[in-house]
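Each in structure tokens, the structures are laid out below.
One chain, chain A, links the two complexes that follow: it is found with chain B in the first and with chain C in the second.
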Partner chain A sequence: MSERPSKFATAFPDMTAGRWAISGVLIVIAALVPVVVSNEYAMTVLVTTLILLVLNISWNFVLGIAGVWNFGQLAIYALGGYGAGILMLHTSLSPWLALLAGGVVGAVAAILLAFPTLRLYGIYTSLLTFAFAEVIQYVILNDGSGLTGGSFGLPIVRGLFGTASIASANRSYYWTVLAVVVLATLAVAAVSRSSLGIALRGLRDAPAYAAARGVSPLKFRLIAFALSGFLAGIAGALYVSFNQSIDPGVMGLTPMSIDVTMLVIGGMGTITGPIIGTALLAIVQTALVSHPGAELTILGVFLLVVVVFVPGGIVGLVSRYRKRISTWVAEDDSGGDPAENDDDVQPEGSTEQSVA
Partner chain B sequence: MSLSDIVGILVTTVILGSIYGLVAIGMTLIYGTLRILDMSQGSMVMVGSFIGWGILVVAGWNPIIAIVLAFVATFGLGTLTQLVSVQPLMKRMNSIDFEMVTFITTFAVAMILSNVALEVLGPQQRNVTPVISGGINVYHGVNLPYQSLTMAIVSVVMMAGLGIFLARTRWGMAIRAVAQDLDAARLMGVPVSKLYPLTMGLASALAGVAGVFLGGLYFAYPSAGDLPLLEALIVVIFGGLGSLPGTVYAAYAIGLIQAIAEVIVGETWSLPILYGVILLVLIFRPYGLLGKPSEARL
Partner chain C sequence: MSDSPRLRVAGLRAGYGDSTVIRDLNLDVGAGEVAVVVGPNGHGKTTLLRAISGLLKPTGGQVELDGTDVVGQSAERISGLGLVHVPQGDGLFPEMTVEENLLMGAFGGGAWRSRRTELAKIYDRFPVVAARAHQRARTLSGGERRLVGLGRALMRTSQIMLIDEPSLGLAPVAIDTVYEAIGDLKSGGATIVLVEENFTHVGQIADSVHVLETGTIVASGSYAELSVDPTIVQTYLGSV
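Right after this comes the complex of A and B.
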């Protein structure tokens, strides 16, 4: 892996050859899963989880890396899904173009949502965006024009692999969504290490200082919303295509609780956090699938415990321990005198820990 | 718009405003003292509705018992919520993400409460007997059910009671002192660690009482708190977080906007219209009607 182009190396400074190798092996293993798994129910669960992962990557970008408390992401996801679904239903456009169109719908919706939040700070942003999501859900539920199908959702949409058999369609979806996940993770990692990412984190951690140094809050918040909205829209389009339908149930408090728990448990503002959190909670959810009430109760307890005792989530915990061990080793090497106290707990996903 | 429409709008405004006020004032009280947005307030409404159902329908007792029991139970639950989800985080109070972190922990409590209710009591909607049945005819065709009237009166009395409690009593003044200046309050000997659970218990109790009445208007079911939570959120943004007078004005202003929207465009679009109005308010006054920027509060 050492002969990678230097441009690539500068885009991902944290990625050593070993880390590239591990990531590559993991991706290959993930890509081989459908060859081994023959159970169609398991395949459906896997694809659904991967689609959720795309959504969580997009949400993590705006919530964790850009630090904008956007709780309207599910509405953007749903709008992207409805946009793509309606195009697939009523036009003869290629479904792949409809998928992209879903992303564009998401980006446009996100930009429109970004404008009223520009002057807001902290908790007011989350209130406004949360209210936005509730209203979008309310409007779709009560839509009398028949465009969205109200609470029943869109009728059967043909999807990306319309004529294929269930087994081969499931596999095609799996590989498609896995590719989107890999691309999205690479894109978010590259962006968060670029000057754009530095600007976003600057605006997150010290808004007044960053603005005073010439980082435009307007420009960068719009870019952050547009990027994450595009990804969320793609996720929604993948959802509608895979499920051949979408209904207002994809929004609301319950799905939002699950997604937030995934992000917080994995480690918000990190690159690998959403992947770990989504995978972990998908396993918990699958294990508890016959007890819907117990499932969310347990997720709630998880969420509470992680936020109170493990700030930074699993990724934060791992990188804190690794840092402690390396400081320890360094102290030993330099003769035992502790050079500096490295015990301070940093805010979630600050620059030092944001790529794990 | 005929005269009966206008009377109808006024009646609806008073009723809606009073309910919104009762739920939202607790959130404001909590935000003012603890600087957290308590997402578990909606669940307290749900718990109140179920207590109303249990006392009035299952046990068949007096509504006053239901109200008192709802007050006591949600007071305890709110105190417990504070001890579990906020108190362990208080040492991080001055960090930049304190509001976000407590937003998530109280949200987790809301998740736990409504899903325990789902698991124990099932998803079906339970009819709660109105506290008082019947109604009076205010004007041609405008009917005012006694249930709504009682609810409005109880809400106003409780809001006034809260105002007197905060203005006159020792504990009330302690809460205001903490809201104004935490360090000074500590130096004057205010037992802050006891005060925080008390504040959250009190706020939750208001939501619980609102729940008994709301259960009579709608139903008691595990997600019965979601809509009141959303409405309370809208009210507290509109009024400005942490401002009690602002919240009361905002509750009635929101009630008025919703009542007018219901008459003109129908119930379906009243919530989106409300949202549009809030959007405009926030664009011109980013901290609500009477809110102060948090930099200025600190």
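Right after this comes the complex of A and C.
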């Protein structure tokens, strides 16, 4: 107990120096992309994908880490987007404050949605939250007041970088959203190892026993929804700024299916899963952009294959094989099958001397 | 305060749906005592513990912790008053690591702040648990899991502990280790209600033994008295 690890090291116990180095290099490479890419269409696809990634990180937090089957996340995202968009249209508020306000709208909407889900579990939570999303979409579509613009959506919203040229705005958006992605990923990583994350995963795996350990389901679910809702709201606000409009098409079954597929393929409940899943599917989607009919079919097949053969997603698959390889290297006799242990197993902790 | 028992159960009734499992059950446990409840399968031992810890709402009677009635309160509230339930089959979180499982014991009552000291103590006491700290709980053997369950209960001090059949399904050598650990808890000052199917392992630690049949206590006494009473030994407990 004499040498206390620094606060920073305690917050990220899984991160070795090597892992920090790799993450740093990847972030630098990602930050240099706009310098290399001169095609504005490609820049648009990249920024859109990064915004989607912010949404997916927020959704992974509530769905994968907190384990609440919330299918209302796209409505929260849309509400954040509309909130920020309306502020940008009708007030002279700084667009950056409007961005934050989008996050607040998302958090408030998520907290309101959290209350009725407290007494529900599994499929009932999905049904309720999906119904919430449908109601929000219906209300926006049928809004007679002109505030949301109905099915046409909000008209030209001034974004974060108002009068900049398209090329320079695209790059500014890219770096802004990338920064949000990095911050959000660090936040989720730190939170998932903190008391909050342990409580959430405990409540996810065994709600009654977690409550019997003094973990309040009300308090922690509200916090989880608020954090996830805030991030989803920010994602929506980024969307409305970048596209200079938003319409009810951002919600609904098709975008939701694509997002879920991204999470499942990447590895739900993991930190890097949303990044990998979003990137991979964005590439597939871009490749299939000229075959609009085939796109959803192929994504469906993708999802099916992953769910059946790789239930942990790509991140789960990679950590399983890394384990196998490192155990194989460390052990001469291949007696036991250590493939079951997908955490850091000490191979020398042999079972003979342990309690049966 | 000093003469009221740490845990008092009076006239307790509890059950599932229309069927009453626990009826008019009385049990007093003084501070630092170990009360062992023995009885055959299906007579309400687990239900009794669940009713005390709030995992199951009693339909009548009182459960008092240090003189405060807690019947009808939520499990998380009762846990906050210093009661820890170590359920049958451990109640570990299988997909979380051993260390995270231990940390689950540090919620409520400011225990989170002292978590590192408590973790270090538990690792000292159970080296087997320390060796597995970063493995997922589901990859441990039954005996190891039970030690983790007990270790988790130790993350908060001054406890009332409910321990459900700690010997269930374990090899004799593992049972000895688990009972040694429970002995440590007792000498650490914990008040313990422990349920078992028989007398076999409890002789060393029991301050009082209570025989539970069809949902109520039918005999109480010291281990020495009950373990030589031929009727009780033959009817309920099999051989000693």
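Quick notes
In the analysis below, the second predicted complex is superposed on the first by the 326 of 356 C-alpha atoms of A that agree within 3 Å, B and C clash if a C-alpha of one lies under 4 Å from a C-alpha of the other, contacts with A are read in each partner's own complex, and residues count from 1 in each chain.
Just so it is clear, contacts are C-beta pairs under 8 Å (C-beta built on N, C-alpha and C of every residue); 3 or more make two chains touch, one makes a residue touch a chain.
Computed from a predicted structure; not experimentally measured.
With both structures placed on the common chain, the touch criterion links A:311 to chain B but leaves chain C unconnected. Looking at the shared chain after the overlay, A:99 reaches neither chain B nor chain C. In the superposition on chain A, A:142 makes contact with chain B only, while chain C stays out of contact range.
By the touch criterion defined above, A:195 reaches chain C but does not reach chain B.
In the superposed model, more residues of chain A are touched by B than by the other of chain B and chain C. Of the two partner chains placed by the overlay, only chain C lies in contact with A:215; chain B stays clear of it.
Contact with neither chain B nor chain C is seen for A:53 once the two complexes are overlaid on the shared chain. Residue contacts after overlaying the shared chain place A:205 against chain B and chain C alike.
When both complexes are overlaid on chain A, the residue A:122 reaches chain B alone and has no touch with chain C. Shared interface residues of chain A, touching chain B in one complex and chain C in the other, are 205. Chain A makes touch with chain B in their complex at residues 69, 116, 119-124, 126-128, 130-132, 134-135, 138-139, 142, 144, 205, 253, 257, 260-261, 264, 291-297, 299-301, 303-304, 307-308, 311, 347-348.
Touching chain C in their complex are the following residues of chain A: 1, 195, 198-199, 201-202, 205-206, 208-217, 340-346, 349, 351, 354-356. The residues of chain C lying in touch with chain A in their complex are 53-55, 74-76, 79-80, 84-85, 87, 91, 93-97, 100, 103-109, 112, 116-117, 120, 128, 131-132, 134-136, 139, 141-144, 147, 152, 170-171, 173-174, 177-178. The residues of chain B lying in touch with chain A in their complex are 37, 84-85, 88-89, 92, 95-97, 99-101, 103-105, 107-112, 114-116, 118-120, 222-223, 226, 230, 233-234, 236-237, 241, 268, 271-272, 275, 278-279, 282-283, 286-288, 293-294.
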